[in-house]
């Protein structure tokens, strides 16, 4: 028994010295992971993830506090990118944080706008132009569609409108989307019997 | 030489650590979603496994056995492994920051990889000598890495498959592992000992 | 002419040809319709900028829109009349989106303007001037890619062009406009070839024509004899789709394999469609801008298929009415050929420079998309792929949403969208659809990523600004208090000015960075669109 | 991911300011965050030692005991351990506990000890144990840590036994074969012949069968959860 | 006028999956006829049993997964899987053996992966391997070929035996069954016998084994027809047979007492069936051109290794499954080399 | 690098090691005799199963290694345990190897009484195919009991084969190799006892 204690104490002291040294040598510096995560987030800065902006959410994920499925603007694509980065299973968007919507931009009805500047203060990316008492306009290219300017407007003159793609920006629908579109479109344009839909769905990856 | 070859073939193919001996399954299931990750893990494990196989042999024969402390084997080995892992990390950081970037995150995971402790204990059980222990550890690691990498490539292909919902993710991974184990049974009897 | 050794490109496909429906009758001249709808973008590159006003009367050949940038092309009036509107209108585009068009009401007088000075002795004219003429005449590739021809003529600095290639393959089934042009305007085509050789200083002109067009080959050979120009070589090539794709054609004719990253001009080739060559001839020798083109109207859904020489902007519905209207069981309208073309939702779209064919299919020939089954990895698609891709792998990537892998590992952007893989797939999977989707999705993600970086910068900038404002305000308050206490004045103003300067500098820098990024992006999109069509 | 669950639990549970409620801990360990079915940890013993019910029961109990004791100890010492050596110390504590249990089993359940082989010492590297020590015990009071160990251990052991039952019944048609290894000679009477005498679907007790059985259990849980959500 | 906008290309397809599968079934006929001739009605019973149970399993799984029945039941892939599994099973095996095999194969190797097209492993070979390791007794009771067997059973008697396990009076099981040539080869060689003396066993003939050689030639015939019909490409069968032949030849030349001739290896067991019908399963094999060469060669090597040195008499099933494992990695490392690109770009 | 920190770290680790090891070492002291007894008991149970009943010594303790001999499997490691009643040898248990099983060596414990009659056989370990070769295990079938009571003359040498080879012992359906190997090994063990009887009777460990 005593041999055991002596031998192991010596062993532990030795290893302890080494581990202590290692522990000192390995102090983690900075958080490169949060940067990588932040780079994948859409930067809408809308706060729907329940964090005050994308960066704080990125940091929360890096700390293991937040799940990867809380950003509705990023939607499925962002979740998948995050899952790949972190080596975890992708999962559907958490319903309590919102739903994925088509890309929108704010539009200000200039007839109604009273130039109160409340929306300017709300916009996280300075996408609204205007001065006090003058009508305001949204710089479409800068607007991220975060909707944060809608609520503050005292006369409710800000509307979110779907972003219409130009010919250059247009993207082909995937065959799955095409089928979904066809399903919705006016009867007669594309006819498919129900089992064709079924089959089309079988081609789709479950996530 | 033949002897070492047989030990090697046996640990890589016939008695594969993952598929036959069931050692090291948690990282196998956990870090096999991407091929690159799996390769990193395989490399890191190979290094640690071989090294700790040899070191545990030395500990057993020059520290525990002389003092009659075999019953403390588990404790000695696990502390040793933790140290080896820590050291690998440090050495790597010093020697090759690039490699450290690639392997760094996997190293801590290895401490709780059954395969590492398993190799150490099996070396004792099978009464290997030093050279055998080294080959055994290396073979086990190669077998581990081989299967891990093959599995990762298969799982990447599963990404687009229409797997039934309840089976998506881990279950279908396990089914795949099962069929891999079935295929590896074809090697049974390759090395008769 | 000595026999040239021909090469076989990988893969390929033998669709039913269906050329006879339309290639028997000569080209007919379409009657001027009551209205022309002329899109401002009929080419790859920046949309042209209208230079006429609503209500203005214009003459034939008068410039309606000017090129907006280097990769762009002007647009000219096909006849005289009134500009009724400049508005959004349906255009032939797979998106079904509308785009800006000039609506012209022909006055029936067809009064013309001599747009350019005719240069019958083009050999005397400096190549630079000729290239400028090609640009001014609004000539773009009529082989489908509609890339501004003048840009192509500039070649690649540092490499000499040794061979001009006239592409008369017309490999798509059904289409026969190039066939008829070669038969009826063989001399114009070859004269165009001479101009091209002169511009780029090439010593050789190869004309590749699929061997299913013997009359065209004969006509070209006769014309070459007549011109007594030994630089021409008219080559009959085997009929395999898509032998008309430029790099494949070069391979067939010379055995060279040119990858996507390499432009053909870097290897000393200049490729042009035969109709483009004819258009260049007209622009140079007759001084006419590009205002009309020959288009094939064909398919089982039409009463009288054939080729028409029609003004740009003429609506497909008007053209089809001239071609005898629809068969009762008409089921589909396709812009382009059956392999590479896309279906149109409406026939109220104008004829554009890109329009080589309106294919109208009757129900029996227009099968409802067959049921897609899962991919069984049979590899038929890979066997057929002329650029040696693995479509089944790219399909897997696209479906798994692994676009990075599709691009890096499986070379998605090498795909020329020829449609063979879709056509041969026993599981009836619309593979090209997936690839088009994946390519455009990747571009969209890049754009979004750009946008999100900008948003991050702006957000961070705003935060620092707010933070600084707050500090400033506090500082000011403190200072005021201090002022009150010490009765001092001058300094703080200077400090404030300094801060303002700094802020402006940051804003300026951001604006500059943004401009640069946009420029890069535009270039990239143009380049990739271009590549996708080649 | 444990941490996530803990955070959620923390916020849900108001009456206990010091940590999650015991009911939550029980639910977590047994079902919601089950170590075997959800965290997919401790796979090696789960698959290697589930070929018979008795082996599964033996190892399950040993693991359960280790978890309770190690969680308790870790919680007790949590304030004295420096961060750099936290992991080594935890590992050391666990290894000591396991060795003690190993010695005890060797002395009193020798037959089972021989059958379990190296998987007894390998409890040390069972990822669940270190995960609970790190993720839970080192942050909560002793009572909760012990209870968490108990529930996690139970969750693990139950899955292990379920696998054992599945594989034994399917593979060799018996239940509780070799019960004497655990319960002594009277245990021989416990063995049940569930299937006809010559029955045997060997796959179930071979390695592939182990993977499939676990896959089926996890899928079953997913299906049950899916229906509720 | 408005039109529907369907996807290009706008030409009618001339091929489909069920046509492909029907061609495979046609190609299976010569070998199957030979097998029935030499090994009796049990072969046919196996096919009937696997097909019936296979269709039922497929239907149940499709229903459970809420997938349409008609297109998938009629695609013919179940028939191919069932048929291939059936001809690998011992004739006169008890009825539940084919049933368990095909059901396991379709449930675990096919539908849990998403059904047709998504499986990573060859379902038929999974079925075979599972049966082999689970029921080795039943799986090694092979019928003796016509000409060696002392007796033969009619169709009704065969069916009686398969379903009830009772032989007609006067017929002994020992007169019907015995070891396959490969089994004799493996067992006797393991006990130290020389190849020349092993060959004296009654189940051997001049080429392969009695009957087996004709069955193998039947598969070869069907395989060549599939090549001609472009159902399969040459890469996998040729590379597999080539590597297999070269290895067996090398070892045979090195030590003819302990290694059988390549001809015997090629014409016995599942080598031919494997080369043309099983290794070529498009879904689970490598799909790139270079990958297919590696894949086929790998199978050839593994069949040789397992037949020659491991515990199983025939290695085709395991070799195929092992290379199924490697297929995704092979595909990953043999990416497309697009038109005009150099090797290392 | 902070030296003090390092030392502190190692001290903490050492302290916990000390604690853990002490507990375990104490535990070891307590259980050691019990474990030894358990191991002996396990071996004795095995030996009792094959040895003729009625010995009064501790056969586990009277163990002796045997020199290599083809009859013992020829791979070394053969042992003999001797059972005695008083000074009188009542039988032996031989640990032998059947080298030619289907998948390798089969380790056997063959009990022989003083008259050279088999008193019991058990398989200690083997690698035969599950479901095919494993009925040699006692837990799987009674086949192994078939040896009890057989001796060298009973049956005669021809009879010491499986039925297929003209002997008296059953083979299993589909598996002849395994029983053949076991029968041969038991027969060889008997031959060995016969040839070395004198030695075995006298030798003491």
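Structure notes:
Residue numbering begins at 1 within each chain, and the chains themselves are lettered A, B, C, D, E and F in the order written.
Throughout what follows, a residue touches a chain if its C-beta (ideal position, glycine included) is under 8 Å from a C-beta of that chain, and two chains touch if they have at least 3 such contacts.
Please read all numbers here as calculations on a predicted model, not as lab measurements.
Where touching is counted per the definition, the chains common to chain C and chain F are A, B, E. Counting hops only between chains that touch, chain C reaches chain D in a minimum of 2.
Separating the CA-averaged centres of chain E and chain F is a span of 43 Å.
A straight line joining the Cα centres of chain B and chain D is 22 Å long.
One simple way to say how far apart two chains are is to compare their mean CA positions; for chain A and chain B this gives 37 Å.
With centres defined as mean CA coordinates, chain F is found 67 Å away from chain A. Within chain D, contacts with two or more other chains are made by residues 84-85, 88, 92, 95-96, 99, 103, 200, 202-203, 206, 208, 212. Touching two or more other chains at once are residues 30, 71-72, 75, 79, 82-83, 156-157, 159-165, 167-168, 171-172, 175, 178-179, 182, 185, 188-189 of chain B.
Touching two or more other chains at once are residues 5, 8-9, 12-13, 16-17, 20-21, 24-25, 28, 103, 130-131 of chain F.
Here chain F touches chain D in the complex through residues 5, 8-9, 12-13, 16-17, 19-21, 23-24, 27-28, 31, 34-35, 38-39, 41-42, 130-131, going by the rule given at the top. Against chain C, the residues of chain A that register as touching in their complex are 38, 41-45, 53-54, 76-77, 80, 124-127, 141-142, 144, 165-175, 177-178, 189, 191-192, 195-196, 199-200, 202-205. Here chain D touches chain B in the complex through residues 40-44, 47-48, 87-88, 91-92, 95-96, 98-99, 102-103, 118, 121-122, 124-127, 130, 203, 206-212, 214-216, 218-220, 222-223, 226, going by the rule given at the top. Residues 374, 396-397, 399-402 of chain C are the ones that touch chain B when the two sit in their complex. Across the interface of their complex, chain A is touched by residues 1-2, 5-14, 16-18, 21-22, 24-26, 28-29 of chain F.
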